[in-house]
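Chains: A, B, C, D, E and F, in written order; residue numbering restarts at 1 for each.
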Amino acid sequence: MWDVLRHNFCSPLTLSFGLGVAARVIKSELTLPRDMYAALSIYLLFALGLKGGVELSQSSVAAIFWPAVVTLLLGCITPVTSYVVLRRLGRFSPSDAAGLAAHYGSVSAVTFLAAQQFATALGEPLEGFLPTLLTLLESPGIHIALAIGAVQASRAGRAGATAKDRPAVERGEGHSARGLKEVLHEVLTARSMILLVGGLLVGAVTGETGYEPVKPFFEGMFKGALTLFLLEMGIVAGSRLGDLRQAGWFLIGFGIVMPILHGALAVALGHWGGLSVGGCTVLAAMAASASYIAAPPAVRMTLPEANPTYYLTASLAITFPFNLLAGIPLYYQMAKWIAG
Amino acid sequence: MQTTPLLKVTVVAEAVLRERLIEEILSAGATGYTSSAAEGDGSRHLRSGDLPGDNVRLETIVNEQAADRLMTQLATQYFPHFAMIAYTTEVRVVRGEKYV
Amino acid sequence: MQTTPLLKVTVVAEAVLRERLIEEILSAGATGYTSSAAEGDGSRHLRSGDLPGDNVRLETIVNEQAADRLMTQLATQYFPHFAMIAYTTEVRVVRGEKYV
Amino acid sequence: MQTTPLLKVTVVAEAVLRERLIEEILSAGATGYTSSAAEGDGSRHLRSGDLPGDNVRLETIVNEQAADRLMTQLATQYFPHFAMIAYTTEVRVVRGEKYV
Amino acid sequence: MWDVLRHNFCSPLTLSFGLGVAARVIKSELTLPRDMYAALSIYLLFALGLKGGVELSQSSVAAIFWPAVVTLLLGCITPVTSYVVLRRLGRFSPSDAAGLAAHYGSVSAVTFLAAQQFATALGEPLEGFLPTLLTLLESPGIHIALAIGAVQASRAGRAGATAKDRPAVERGEGHSARGLKEVLHEVLTARSMILLVGGLLVGAVTGETGYEPVKPFFEGMFKGALTLFLLEMGIVAGSRLGDLRQAGWFLIGFGIVMPILHGALAVALGHWGGLSVGGCTVLAAMAASASYIAAPPAVRMTLPEANPTYYLTASLAITFPFNLLAGIPLYYQMAKWIAG
Amino acid sequence: MWDVLRHNFCSPLTLSFGLGVAARVIKSELTLPRDMYAALSIYLLFALGLKGGVELSQSSVAAIFWPAVVTLLLGCITPVTSYVVLRRLGRFSPSDAAGLAAHYGSVSAVTFLAAQQFATALGEPLEGFLPTLLTLLESPGIHIALAIGAVQASRAGRAGATAKDRPAVERGEGHSARGLKEVLHEVLTARSMILLVGGLLVGAVTGETGYEPVKPFFEGMFKGALTLFLLEMGIVAGSRLGDLRQAGWFLIGFGIVMPILHGALAVALGHWGGLSVGGCTVLAAMAASASYIAAPPAVRMTLPEANPTYYLTASLAITFPFNLLAGIPLYYQMAKWIAG
C-alpha cells in the first residue's frame, strides 16, 4: 500500500497538481491562459473518447451489458445518497444539498484519467469500454439531483418559504419554467459530452487502421498534456483553499468520506458486474469523483439559490485532491481485496 | 452629423447567463447587441463555470421603453440570484432610426 | 479633480475593417484610440473573416468637431456596406487638453 | 424602473498596472470593478510586458466623491509616468444603492 | 471506387468534420477557442510549408517547370469560368459573381491536405513540390476575380446603375480607390501566405538535417492536429447549413458541379504537365477547392456589395464537404483513368 | 568557425526568427495569437525545468557547487558593469541605465535554449544542472540593478532634481514605497520562475521513471515548439527595428559589445568553476543575454521613468539576435580555446 501511495505521490500528474496549488499559495500570478486551458480539455476529452472508441469497436455487447447497468445504477444512487446525507446530517438547505448532490452524482473526467493512468502504471489491464461507462455516468446524476432540488424546494415553497428560497423552476416564470428541459439539452450537448461521445463514435467507426496515423498526437502526447492540465487544476484548487473555512468541517468531511463510500459501493457493484481489478478501480474513482465541468453551470442556472462556494470548493479543493492522492490507491486496494 | 439620442444598456454578469440574457435583450425589443469577455469582482465574490472570474459584458442600444423593459426584467428575474450589474448611458447614435 | 468634457466615439464593426477604421479615427484628428474584441449581432446578421461573429470595438476620445468628422465619414463611407454601429457618449476626461 | 445616477470611471492603462489600479479603485471606495483586455495607441506610443500593445480597461461604478478620489490619485500618481487615459461617464444604475 | 469512398468516409478527418457538423445541428455550444483555431492553422500551414521546403530542396527546377505553368494557368482559368457561369447561368450580380469567383479561383489549404493524406493513405507517391504549387495557386485567382468585379461593376455604373451597385473601388473615394493595391499587398502578406512561403524557404534552406530534430513536432503531430482542425471546420460549416436556403439551388449545384469541372481540367492539365496519379489528384483537389481563409476578407474589403452569405456558404458548406467526401476520390479515379 | 556559423544560420531556429523579422519588415499582419504565445512559453519553461530536474537528480552537490557560485557571481557583476558603462560612457540617466542594467543582469531563457540546442547539435555533452544555473541567474541582476537605480536617483533627487526624475520608490508615496519589496515578490513568483523552479522540483522528485511517459510530449515536441516560439520572437523583434534609430548608435554598440565581454567573463569563470566546453558556452550565452520576460514588467513598475524603448529594443532587437546568430558560436570558440 505504501509503495503504491508513494508511487502515486511521485507521479508527474500529482506533482504538477501540487505545484499548481503551491503557486497559488505563494500568490504567484501563474495561470494557464484561458484558451490553452480550453484547448487542453478539448484535446484530452476527444483523445479519451477516440481511444475509447477504437477499443470499444473490439468489445462485445455482452461484455459491456452488466458494467453499463451497474454504472447507470451508480448514477442513480450516488446523487440520492449525497442529497440525503447533506440534508439530514449536514442540515444544508434543499438547494445547497441538491447542488452538491448534482456534483457528486456526476463524474470528473480528470479523476477518471488519473485512475486510468494509475492502473496502467501498475500494469493492471483495463476494459476497453471504460470511457463508454464514463459517458453513461456523466448526466443522470445531475438530472436526478436537480429534479430532487426542484421538488423539495417547491414543497418548502408551499410550506411558506419566501420567494428567494424557491428555485426559479417553481416560480412559474416564463424563462425559468423551461429550466430542467433546457438543462437536459445543455448537459447532453455540452462540450465535454459531445467530445467524449463524438470521440467514441469516431474511434469506433475508424477503428485501429484509421487511428494509427493520429495516434502519435492523440496517444503519444496524452500524458504530457494531462500533466499541464493538472497544473492548472492545482492553481484553480489552490485559489479555492481560502473558501474551505466558509465550507466548514462538515463539508470537508463529506468531501472525503462520501467518495470512500461511493468508491466502495462501486467496487462491489463493479466486481459483481464482472469488471477486472483495474476496471473496478476506475469505476470506483468515477463514482467517488465530483464533476466540476458539467455540473457547475447546470446547477448555477437551475438552482441559483445554491451557494456556488459550497459545490465548487467541495469538488475542486476537497474531493478531487483527495481522490488523486489517496482515493484512487484506496479503491485499488479495495478492488484487489474483493477480487482476491 | 445627424444623430439620434438613445440609451445604451450595459449588463455585466456571470458568463453562464450569456445566452439567456441575449434572449432577454431581444425580447425586450432590441434590434441587436454587442458582447465581450470581462472579468470582475463585486459584492457577491462569486462566479461559476469551470474557470473563476468569467463574466460577460452585453451592451444594447435601445429606446427608453425597451431599456425600461429590459432593466425591469433584469431587476426582478436575475438580480436576486446572480452576480451582475446593469446600467444605462445616454448616447447619440448614427442612423439611430435603425435601432428603435 | 479638474476634468474636460469631451466626446467618446464608439464604433463596433466587422473585424476586417479594423485597420481602416483606425486610419479613419486618426485622420479625423484623434490623438489615440482603444480597441478590443467583441462579438455581436444586428440587422445584417453578417460577418466576414474565417470565423463568424468577429467584431472589433474601437473607442476614441475626441472633441466635438473630430467626432463629427469621424461620424460623417463612417456614415457615408462605411454604413452602406458594412455591419457596424457608431455612437457618441459625453465623458469628462482627466488631463483632457491632451486629446483635443 | 427606478435607477440611481452614478459615475462610471473608465481607466485604460498598461496591463502591467492592472493589480495596482484595482487596489486604487477599491481603496477609493468602490464596491467592485470590471476588467477587460484592450489594445490601443496614444501619445506615448509605449507599452510594456512581453508583448506590445497590451492594455487593460478597468471600469468602476461609484459615487461622485469616490470618482474624484480615484481620478485625483490617478492624475498625481500614475499619469506622469504611465501610458493611460481616464474618464467619467454619467450612468443610471439598477439597484444603485449597492454601489454607493 | 466504393472501397476508396468507404475508406475515405471512415478516416478520422472526414468523421471529425462530420462530428463538427452534427454538433452544430444538435445546437451544441461546442467550438474550438479562437486562439486554438488560429494556433492549429498556423501550425498546419507552417508545417506544410516546412515539409514542402525540405522536399523542394531535392527537386530539380526542370521537374517543377511544367507543373508550375499548369498551376498558374489553372489560377487564371478557374476564376474566369466561375465568373462567367455565375453571371450567365446563375444571373448573379457582377459583385456577387466576382466575389464567388475569387473564392473558386483561389485554393483551400485544408482540401489540399485532405487530398495529400488521401493519396498517401492509398500508397500513391507524391511529388515533393506540391506545396509549392499550392502557394502559386493561392493569389492569382483572387486578383483576377476582383479585377473583373471592379471593371464589370464600373461598366454597370456607367450604364446607369445606382451607387450602391458600384464597387467602392470605382467610386473614386479616398480610402477605397486604393482597394486593389491594398488587397494585393494584403493577400501576399497574409498570415497563410507568409507561413506557407516562409515555411517553404525555411525548409529548403535547412534541408533534411535541420528538419530532423523538429520532425516529431511538425510531422508526427500533423494528422492529429488536422483532425482537430476539421472538427472546427465542421462546426463552422454546420453553422452555415441554415444559409443553404438563402443560397438557393443554383449555388448548391454550382458548388458541386464547378469543382468537378475544374478538377477534371486540372487532371488533364496535370497529366499533360507530367504529374503522377497522386500529383494529379492533389492538383485537381486544389483547382476544385474554394478558398475560405484568404479570399473572404479580401473580397469583403474590395467588393463590400457582394453578399458574404453566398461565398461563405458556397465554399464552406457546399464545396468543402463535397470535395472532402466525394470530390477527392473522384479526381483520383479520373487521374488513374487518364494515367492508365 | 565558418562551418559552425553556417550550421547555426541554417538551423530552423535561426531561420524561423529571420522569417518573423522578415514578416514584420514587409508589414505582414502575421503574429501568433496571444494565448498561443503564452502557451508555448509555459510549455517551454516547464519542459526545460522538468528535464533539468530529472538530470539534476543525477548530479552530485559537489559538481554543482562551484558552477553555482560562479553563476551567482555573474549575476552580481553583470548588472554593475552594465550600469557603469551606460552611465559613464553612454551618459544615460540613472533610471535608464538601471533599467537597462536590470535586463542585462538577468537572463533570457530562449537564448539559453538556443545555446543548449547549438551545443547539442555539435555533439558537446552538457552538464545536467545547467537549467538550475539558469534559475539562479534570473533574479539577482534585476534586484541589484533596481536597487542601484533607486539609490542613485534618490541621490540625484537630494541634489535637486525635479520630482519627475526621481524614482517612485524614493518619493515616499504609499503605493510606490513598497516598490522594491513588491518587485522581489513578483520576480520570485513570476510565471517563468515558478515554471522553471517548479519544473525542476517536479522533475527531480519524479526522476527518470516518472519522466518516461511524459517524455514524448515534453522532450519530443521541444524543438518544434521552440521553432514556433522563435517565429514570434522574430515578429516582435522586427516590430522594434523601427525603434533602433531612437535607441541610437551607442545602445546598438552596447547591445553587441557588452554581451561579448560578459560572455568572455563567463567562459573564463565557467572554465575555472569546472564546466565543460558545452557548459561554458551555455553559461556564456546566459551571462551575455538580456532578459525580456522577467525584467520588463519589473523595471516598468519600479522605475517608470526609465524609457521602455531603450530596454525593450536593446534586449529584443539587438542583443537577442546578435547572440542567436553570432554570439553563441563565438562563446563556443572561446570555450574551446580556453579548454584546449
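Please note the rule applied: a contact is a pair of C-beta atoms (placed from the backbone, for glycine too) under 8 Å apart; a residue touches a chain by one contact, two chains touch by 3 or more.
It should be emphasised that the depicted structure is a prediction, and the values quoted were computed from it without experimental measurement.
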| item | value |
| --- | --- |
| Other chains in touch with both subunit E and subunit F | A |
| Chain whose mean Cα position lies farthest from subunit C | A |
| Subunit F against subunit A, contact positions shared by both copies (same if over half, else different) | different |
| Remotest chain, subunit B as reference, centres from CA atoms | F |
| Subunit A and subunit E: spacing of chain centres that average the CA atoms, whole Å | 42 |
| For subunit C paired with subunit D, centre-to-centre distance based on mean C-alpha positions, whole Å | 20 |
| Separation of mean Cα positions, subunit F and subunit C [Å, integer] | 40 |
| Multi-partner residues of subunit A (at least 2 other chains) | 33-36, 39, 216, 220-221 |
| Multi-chain contact sites of subunit D, meaning residues that touch two or more partners | 36-37, 89-90 |
| Chains that touch, pairwise | A-B, A-E, A-F, B-C, B-D, C-D, C-E, D-F, E-F |
| Touch list for subunit E against partner subunit F, complex | 33-36, 38-39, 42-43, 46, 50, 185, 189-191, 193-195, 198, 201-202, 205-207, 210-211, 213-218, 220-221 |
| List of subunit A residues in touch with subunit F within their complex | 10-12, 15-16, 19, 22-23, 26-30, 32-36, 39, 117, 121, 216, 220-225, 227-228, 231 |
| Parts of subunit F lying in touch with subunit D, wherever the complex brings them together | 34, 37, 41, 164, 168, 173, 175-176, 236, 239, 292-293, 296-297, 300-301, 304-305, 307-309, 312 |
| Contacting residues of subunit D [partner subunit F, same complex] | 14, 16-17, 20, 23-24, 46-52, 77, 80-82 |
| Interfacial residue positions of subunit C with respect to subunit D in the complex | 1, 3, 6, 8, 31-37, 61, 89-95, 98-99 |
